[in-house]
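Here chain A shows up in two complexes: once beside chain B, once beside chain C.
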Partner chain A sequence: MNKRLTSLLFILASIMLLAGCWDRRELNDIAIVSALGIDKVDDELLVTIQVINPGQVATVKQGGITKAPVRTFQSKARTLSEAMRKVTTFSPRAVYSSHLRMLIIGEDLAKEGMGEIIDYVVRGKEFRTDFYLSIAKNTRAENILKVLSQLETIPAHKLSSSLKLSEKSWGPIETIEINQFVNELVYKGIEPHVIGVEIIGNPEAGEKIENVEKTKADAYLKFGSVAIMRKDKLVDWLTEKESNGLHYALGKVQRAVINVPCKEKKVAIETIRTNSKIQTKVDGHQFKGTVQLHIDGAVAEVQCERMDLEKIETINLLQKKAEEKVKKDILTAIQASQKKYEVDIFGFGEALHRSHPSIWHKVKKDWHSHFKDIQVHVDVDVKLRRIGTINNSPLHEMKP
Partner chain B sequence: MLDNGKITANQYKMLVLLFTIGSSILVAPTALVNDAKQDAWIAIIFTVIISILLVLMYIKIYSIFPNMTLVEICELLLGKWIGKFAVALFLMYAFILSGELLREIGDFTTTQMMPDTPIDAIHIVFMGVVVMATLLGLEVIGRSSEIISLWLFILLAIYFIAILPQIKIGNLQPILGEGMKPILFGFYHFISLPYLELIVFLMIAPFVNHQKGAEKGFLVGVIIGGILLTFVVMFSILVLGVENTARQIYPSYALARKIEIGKFFQRVEVIMAGIWFLSIFYKLTISFYAFVLGLSQLFKIKDYRSITLPISMMLIVYAIAFHPNIVHFFEFVHNIWPLYSLTIGFLFPLILLGTALMKKRQRHVRGNR
Partner chain C sequence: MSFLKFFKKSIDKKSFEQLLADKEKQDSSEQPQSKETIKRSLHENLKKIREAFGNSSDIVTREIRIGRQGEIRVGIIYTDGLINSEANHNFVMESLMFELRRNEVDLKDLAGLTLLNYIKEMVLTVGSIEDVHDFNVITNAVLSGKVVLLFDGYEQGFAVEMKGGKERGVQETTTETTIRGPREGFTENLRVNTSLIRRKIKDHRLWIESKKVGKVTKTEVSIMYIKGIVREEVVQEVRSRIEQIDIDGILESGYIEELIQDDSYTPFPTIYNTERPDIVAGHLLEGRVAILVDGTPFVLTVPSIFVQFLQSPEDYYQRADISSLIRFLRFFGFFTALLAPSLYVAITTFHQEMLPTQLLISLAAQREGVPFPAFIEAFLMEIMLEILREAGLRMPRAIGQAVSIVGTLVVGTAAVDAGIVSAAMVIVVAFTAISSFMVSSYDLAITVRMLRFVFMGLAASFGLFGIILGLVALVLHLSSLRSFGVPYLSPMAPFTLADQKDVFIRLPRRLLIFRPRVFSSQQNTKREKSLFQNENQRKKK
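And then the complex of A and B:
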């Protein structure tokens, strides 16, 4: 009897579990947010969310787009939580942000200070930390999110995969995840930098579905410059050369191209892997920074005539020229960060913290002023490993 | 002896291991990194070494009275009334420990996984399983721990291997940059959770069928558990960085969120939740079991099973009522728990051991006369 009663109790208890879950979310009840844009409009936050339109994404695969594959919703409020909830007043589905790919901040907000929006995205349980952060250059974040993209149907996926791809193949670009940004916001010896995204072409044309029907889109999105920040405020945009130098120094460059001059033309060297090390040494009362960079490379393209690639001297010469080229970029970036912007984006302070913690604790309060005057020694070491599938260029023996 | 179950030394080892990592595996990095920054991993290794000494003390008590639970030892050594008072203090500790663990489960689930589910529902369902295990007895708990720990090891292996590509060695530097003081603070907080809590195992040790095996199993379990915890703390620092780890409420869960191999092996943080649920289930079951067994021994109740269900209801109420919010819970764990644990987990057995050795010597002296 007693046994029967207990088993009955357990059956009853399991009904509670089997009936389902309190927090279920059916796929057709949620609006999957692929990108989130935040701007500041007269003291309020303007939130733009790009929501995937699942029906349209499916039809694309069967051929032919009729409607836009994404929709954007906007709402304005004093806090982000409020704005996100206000969206439900006109969106038929509940906003679901676990699949967020991109977080885009408007330039105005970034200039004013984007600290206020950070807490929301790291505190909320729906936000994972694997999305990329970017700042809209010369425009608002809402405009970026409205541009439709080619090849990838969902613009946010286009942005995130193009960012990931160009990080691998193009020096000036790198992906910034929210965690990295937050860490750099907190650490005293390094200042954050964020990659910028801009609209090329006519923004209004980009909103229409016709934009993706042409071979050359009227408007498209492009990653380019790096925004450097002091704390959470945007200071300025680095030039492409400076961005390049910054990423080389930080070891963020994987595969990139170094153009080396030969006569009037160029030789292109592709980097295969790079390895960098930033250190800060203490010499009496002076700080000395060093950047050590090793690059493995290969010859990718030769434009000039009469260059004998079969000789080791030529390779040595190319190596030396490539070293100089990269060194110059890095020095330009360091110069700019020390003199023009006075922001330690390289993390020489953090390097000092790692190597000389006790000294660091004495100077960390005004590291800012120390950083301006540290001497930085840049040491680049390029090793050309291969020259491609042919030895000498046809140009080498081209008839005069 | 009230319970008629017996467990093997290996099962005992697994229980100790599960107890050590349960709950700590999820929250340990935050507290440690808050105190010791980059050197949290040194603090943890230091703690593990000290905890071996602590466990040796527990083993010593056990080896003097291999067939008695802590409650019986206490009454024997301290006399009827003082003994009963001391037992009541210890049992209160076991009860509060169980309540805190239950609350931790509820808080984690409602924060990270099911925000709309009332915390009571989670407590009741989880406690239901714990009550079931307790009613089935120590033998069943021990045997299931052997099966479960295999799964636990597989999950942990996946977890550790999958996170490897994300590590940044630089995050560990500077080593010993802040000096020894932060490490000692980390040690102070970390030894109370989980190591001083291991005292509840003195309630279970007499049910191991092989005395020497139990002694060895206790030590080995603690060491393996310590190594696993060291890995978790190290990986948290290596991947998330110091500041980020210190900011997370559940750092190892945040760590699991970072796992991404290729484009297909990602969003597997539930692995971590699985590891944690499995291990905290055993931790809660053992401390709950120790409590009900001790209580029935204290009041000379024939079978602890008759009081299991009512006590579990008390525990559910305790878990909800004691902390008004999660911040209160953290303050309690951070400020009060270490001192409380030191009293019950260190001072109390030390007094017992001292009394035992003294009585032994007296008897020895008397015998010689």
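And then the complex of A and C:
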């Protein structure tokens, strides 16, 4: 018994000592990557990683920032794996990408096709596939990663939080997680779109710590338009209006503002919730697309005088005008995608696949030639649910 | 004459203690003692007793004379300090020396009784008197707080129960405190302890069986149970296990616990011990057996199950909803006390992706410049904590504060400032320590302290995988344990739905109609009026 027990303990101890610990890494041995930027330079991939400097981030409260809260490392190689490993030749710590927040693709690479980099970030075990994807507009990804940010000390966190926030409150912006991009890349009958990020101001000033010491930064990052892709290649950038229309049609808008004209001024209507449905019907040899959009809204701001919100007619009028406004945006976006780019970013093909799979199989090979001729009917229904905390505007009651 | 006959018979009938003494005589191989009856001569007897005790100074052997002319010589033998000397003076010495003389009793004519019977039945104003004939019985009696009377010219004596002396009174327990509930705790005196329980359960079915255990110490061990509620097999098992004990001395109930527990190769306690009479009374009412040991305030109760070590008597004294919530908290505390450092080690060295980014950054910032791996850091801090705790327990109370100040300063502040350990680790260790105090049973808390290190080792080698492996092994081990025939993990495994009312939650008393099925005998599980209801039903049949 005793002998058996000792040998058992011995075996257990050896298992723990011999088989254990092989993949352990201490917190001070890892370089936490917050953002990854990829560009294409002379046929090679230029990888820029933004690594958090924990000491600088966590001690902000005590004495303010003295050194940059992040560091960037760059390396060039034919494959991403190689490039990431090359980083260790000059980084003292192992690259650790589980906490990656942003993946930024340079515009040049996006135009050439970004398919080759997607596999690495989806396959790698360290990557959590919940980070956001964005394309650097008019610049390289490396430049984006070098700009320091205010309020949020880590630039990648600044990007992801501001993206999340504006998706909730601003129509033209939408978060694109890598998963969604990959899905749209694979799904038949829909083409992916990606949000763009650009540098406003002087990029070189943005790299310095002084940039964050001012009340108005010399350079900052801003999300703007939507890039539409054909497969994995960037085609063009949508305008703000088109982006807005696209997001309404896709039901991605949560809380946004619709400006409705009244006389020469505006009435702002905020959306509370939206619900959209894209369908494709077959009518003889013709495909007919419909976009049904339902918006619940509230009156947020009234600029014009003499508007009686207590009357149902006024509300009905506002609803109608808002419907028209949104419909126009959507139609503009559809127009652009059909005629200008011939790219089905709305997913009419996918809708056809769902409703008429057999027909879809016949037309899927040359879908974009069919797509550009689809007649799309847009049906917007706006319901004003609330008018805020006052009834009529003070302007309505104002002395004449 | 018939009366005399009866009396003779009763003298012949040996008492339990005599039987026990006889048996011990047969058993003990160290001191082969033959039965040695006392002589007629008082002088010889006293001399022999003095020799047997090696003239120990606390053994008082005194000769007095009684009767009108002092014609009868009587020897009084007792242990000073073990008897109530005031009662001895008042009820033994005074009765013998004054009453006999004052009443002008004619020792020749004693209402038809012999002298000894006359003294026993009409003179000695004390409760319990036994007849003694044998020297071994006399020594035992003297040592267990009895006053032995020997009469010159008679081969018989009396052992008068006169237990007394200085003893700690009933005080508030210091180890198991409650906000609400009785304050009293057991004492070192077995009789006081049984009386504390009797005062709570006033039923003739509360039975006590006593036995002397320990060849040298001859410690009295009593088992207590409520006949009709308890399972007979359990009582039989307790009885036989105690009978099998062969040891020279029992100094604390821990000796008994170790000798009768089901499985020695387990870190978990399978026998519950408590200082509180209300807990014991509650356990008896559920159908458990209590084992009381003379000389210690800790009473054992069997069978014991795992969850009861995480329950407190207060759970039953306060509102059911509060009790249930606090029970959940205690389970949580149990797991954090067991796993918090190992989870910290596993997550920070293997699974950094599980942490929120901000937390990871702040932990990483704290670890900047810490020289040891997280495991060594945790290990050092936990060892330090255990040292502090043990030191605080063992040293004189007066310097306790000094140690705690040094401990908090050194461990808490200086170590972090010096960059030897990270602040997060101090938080984890402190949290663990506080959680382990929440485990209501000290025995289980020690188990948790021990297993914590095992889990830390597993976490350091295999990460969360190791912790899960450890937990699986732990559950397997727990489900293999039994306490006096009751599975240790019951009523979870094997699952008894009816008993779940009082495990993780405590339902309102209105709904707790049945006794836990795992303990009580199957015919008698209803709490309400159970004892008498069943009796009536049986009568009707």
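Please note the rule applied: the second predicted complex is superposed on the first by the 383 of 400 C-alpha atoms of A that agree within 3 Å, B and C clash if a C-alpha of one lies under 4 Å from a C-alpha of the other, contacts with A are read in each partner's own complex, and residues count from 1 in each chain.
Here is the rule we go by: a contact is a pair of C-beta atoms (placed from the backbone, for glycine too) under 8 Å apart; a residue touches a chain by one contact, two chains touch by 3 or more.
Nothing here was measured: the structure is a model prediction, and the numbers come from that model.
K.L.:
Applying the touch criterion given at the start, work out whether A:128 contacts chain B, chain C, both or neither, answering first, second, both or neither.
P.N.:
both
K.L.:
So, A:312: does it touch chain B (first), chain C (second), both, or neither?
P.N.:
So A:312 meets neither chain B nor chain C here.
K.L.:
In the superposed arrangement, does A:96 touch chain B (first), chain C (second), both or neither?
P.N.:
Touch status of A:96: second partner only.
K.L.:
Which partner does A:398 contact after superposing on A: first (chain B), second (chain C), both, neither?
P.N.:
Neither chain B nor chain C is touched by A:398.
K.L.:
Under the stated touch criterion, which partner chain does A:25 make contact with: chain B (first), chain C (second), both, or neither?
P.N.:
second
K.L.:
With both complexes superposed on chain A, which partner does A:52 reach: first (chain B), second (chain C), both or neither?
P.N.:
second
K.L.:
So which bits of chain A does chain B touch that chain C touches too?
P.N.:
Shared contact residues on chain A (touching chain B in one complex, chain C in the other): 16-17, 21, 23, 128.
K.L.:
State the interface residues of chain B toward chain A in the complex, per the touch definition above.
P.N.:
111-118, 121, 125, 128, 132, 170, 173-174, 177-178, 240-241, 243-244, 247, 254, 257-258, 260, 266-267
K.L.:
State the interface residues of chain C toward chain A in the complex, per the touch definition above.
P.N.:
348-350, 352-353, 357, 360-370, 373-374, 457-458, 460-463, 466
K.L.:
Along chain A, where are the residues that touch chain C in the complex?
P.N.:
For this pair, the touching residues of chain A are 16-17, 19-21, 23-28, 30, 32, 34, 52, 54-55, 57-59, 96, 98-99, 101, 126, 128, 154, 157.
K.L.:
Quick check: in the complex, which residue numbers of chain A touch chain B?
P.N.:
Listed in rising order, the residues are 10, 13, 16-17, 21-23, 122, 125, 128-130, 179, 182-183, 186-187, 353-358, 360.
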